[in-house]
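Next up: the structures, one after another.
Shared between the two complexes below is chain A, which pairs with chain B and chain C, respectively.
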Partner chain A sequence: MENFFKERAEEYKKLLAEYIETQDEKALYEVELVSKAFIKHNILPEEIINLHIKALKEIYPDLVVSYEHSMDFLLEAMISYGLAHQEIQVLREQQIALKSEISIAAEMQQKLLRTNKPEVPGVDIGVISVPANQMNGDYYNFLLNTDGSIGIAMADVIGKGIPAALCMSMIKYSLDSFPEETMRPPVILNNLNRVVERNVESNMFITMMYAQYFPNSGRLAFSSAGHEPGYYYNAVEDRFTEITTRGLVLGVSEDAEYEEKELLINKDDMVILLTDGVTECRDGERFIEIHEVLEVIKQYSHLSSQEMVEQVYKHFERLQDFKLQDDFSLLILRKTV
Partner chain B sequence: MMNPQSCVKIQKEWDIVGARQLGRELAKEIGFGTVDQARIATAISELARNIYLYANHGEIRYEIIQVPEHKAGLCLIAEDEGPGISDISQVMKDGYTTSGGLGAGLPGVKRLMDEFEIHTEVERGTRIRTIKWLR
Partner chain C sequence: MDLQIKHTEKNEQTIISLSGEIDAYTVTKLKETFSTTMNSEGKDVIVDLEEVTYMDSTGLGVFVSALKTAKENDGELKLVNVQDRVYRLFQITGLNEIMDVNKAAIRGVNE
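Entry: the complex of A and B
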């Protein structure tokens, strides 16, 4: 360290003398390199000014005294910059440590929230959920019930980042702990509403669409707690219809009531559940319209559901220049028989 | 061996200048170079400003430390009977004061000097002892 500084100090002096003599750009370029080496070794600004003063005095032993004082004055003024520089250095290191901790937390969240996509004959399900930042505030969950029905939850925490992600773990464990006889969509939303209302700060809300699908009959029952509407695609009519129900977002009021609706699904029909990260994609400054999303889905409808959701995601990822504004979740269920 | 202490009372903002002045003179006497003199003066500023801003009055004491055939240094003791600091770990954290433009704060003093010790009791006061060694 000492040696490094001495060597560079000599070089600095030489370059300074050369520059005063020639005003040559080469000297300036070389001092740039010296300066970078100083930064790399955490040399503080006041030390460089001190080095400058010393070099100047060696080159001009009879330097004007008032000029010398002015340089001392500058040195004094730089002390606080040196401190600020050191502080930023430490904060930067802390930030790197914090980032790596968050990425560990994000991995853990993924493990905690893992759910298995049910493989049921006659049903083709595809799902994708991509966080905008490291932690995902969207959540989907599958439940395979003993009566053969499939429960599907699609949820979005209003609010982003780590608090949202932590909140989702609570939702998952609540869902898992409900006894099976309560598995009708409005009952589930009612129970979750109470859990959220009691346990989550009043500034955090969760929207959810809960659907229950009976593969044998093709019946789909669903309830929404203020969630982004889903869509039903009728293959015969080649038409999308919005599906939603009345119901407050989870966590607002203890006595919220949830409505239930039903649909009968035929072969090649699709049910699409999503979060607002899909509908609020941007094309430049403009928010895209829902019919554009549905168009893209249709464009890939010859693929399997999983390939479909992946292609749709890629499409909007590209459209947004690979920078998601919000967590993006899309689920497609298609009846294949 | 320690020299008799010198002391500067801090009661008004102007006293900070006097405290810096004395610190710089002692630092020069011990043999510190220009950069370290400036660092010591800045550390004194921070300590004295803290007293002036938060405790109204207090003092800065100076001790020249001479260990024969070993090393020399300057020890600063800043003491007040002000409100004390309830959360030391918070004020010792980077980013706590500088972001508000309040200056380098105590982490800054710690960086400018070589040794740093703080004792504080809420409603009793604060005592900071810090040393710069001559290298």
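Entry: the complex of A and C
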């Protein structure tokens, strides 16, 4: 450090003398490099002025006294800048520490919210959920019930960032703690609504689509709590239909009621659940329309469900220049027998 | 894109006209506007969304808490001139059933 400073100080003096003599821009360029090296080694602005004064005195031993005084004056004036610079340094370190804490929290969130995609014969499920920022406000969960049915929750916390993420853990643990016999979609949403209403601030709420699929009969029962509609793809008719039910988002009113609808799914039919991060993708300034999303899904429908959701995600990631505006979650369930 | 907020008092009603986009970045501004206007007793607030081209779900959160504040203070909150794209959001979330959300203008606003 000592040596570093001495060497650079010499160089500074040399460049200064050179510039006063020639006004050559090369000296200016080189002093810029010296100055960058100083910054890198946390040399404060007032130290550089001090260095300048010394160098000047050595080059011009009989410097005008008033000029000398003016330089001392400048030195004093720069001291607060030095302090501000040091503060920024400290803040920068704190920011790095915070960032790493958040990424640990995000990792922990992922672990807490982990759910296993059920492997059930006759059903091919694919799912992807990508956060726009560090923490995901979207959430999906699978439950395999003893009657052989599969419970699927697709949810989106309104409200962003860390509070939203923490809220998701609450939802997951509520879902896990419900006794299985109450597992009908509207009952689940009713229970969750009360949990969220009681425990979460008024400007935060959750939208959820809850579906229960019976692999043996191909029956799908579903309920929506203000969630983005899903889609049913009928393979014989080669047609998509919107699937949704009336129902208020979770956490706004204690009295909300949820209705249930049913569908019968045949071989090669698909059920698509998603969040608004999918439907609100932008292509430049323009919002994409839902039929464009469905066309892209169809384009990849020769693939397995998992490959399908991944390709669809890649398609829209590319379209948006790899900058997601919102968390993106897409789930496809296909009946294969 | 930015959010412009215009404020007018008319026949004991407060009209808040918004233009631009309501998203996670601009929503703080809107939240502040609501918390200053909605705090007095029995106030009727009309929010004109004619110039709002986009709103994401964070915007909904602000309207829901504004509605709660209005109810607590015996006031009213009305949304008018809501564009299709934004209206759809209120519809999907079921919030149009507990809130006064209108696609059309009402008399005295924007006429």
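We take it that the second predicted complex is superposed on the first by the 336 of 337 C-alpha atoms of A that agree within 3 Å, B and C clash if a C-alpha of one lies under 4 Å from a C-alpha of the other, contacts with A are read in each partner's own complex, and residues count from 1 in each chain.
One rule holds for everything that comes next: a contact is a pair of C-beta atoms (placed from the backbone, for glycine too) under 8 Å apart; a residue touches a chain by one contact, two chains touch by 3 or more.
Owing to the predicted nature of the structure, the values given are computational and were not obtained by experimental measurement.
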For A:261, select first, second, both or neither according to whether it touches chain B, chain C, the two together, or no partner.
neither
Could you tell me if A:287 is touching chain B, chain C, both of them or neither one (first, second, both, neither)?
second
Quick check for you: in the superposed arrangement, does A:75 touch first (chain B), second (chain C), both or neither?
first
Examine A:202 and indicate which partner it touches, taking first as chain B and second as chain C; both and neither are also allowed.
second
Partner chain in contact with A:276 - chain B first, chain C second, else both or neither
second
Could you tell me if A:85 is touching chain B, chain C, both of them or neither one (first, second, both, neither)?
neither
Residues of chain A touched, compared between chain B and chain C (which is higher)
C
Once chain A of both complexes is superposed, is A:229 in touch with chain B (first), chain C (second), both, or neither?
second
Which bits of chain B are touching chain A when the two form their complex?
33-35, 38-39, 41-42, 94-95, 98, 103-104, 107-108, 111-112
Would you mind writing out the residues of chain A in touch with chain C in their complex?
156, 158-160, 202-205, 207, 225-229, 244, 246-249, 252-253, 256, 276, 280, 287, 326
Considering the complex alone, what residue numbers of chain A touch chain B?
46-47, 50, 53, 72, 75-76, 79-80, 83-84, 86-87, 90-91, 94
Contact residues on chain C for chain A in the complex?
24, 31, 54, 56-58, 60-62, 64-65, 68, 85, 92-95, 97-98
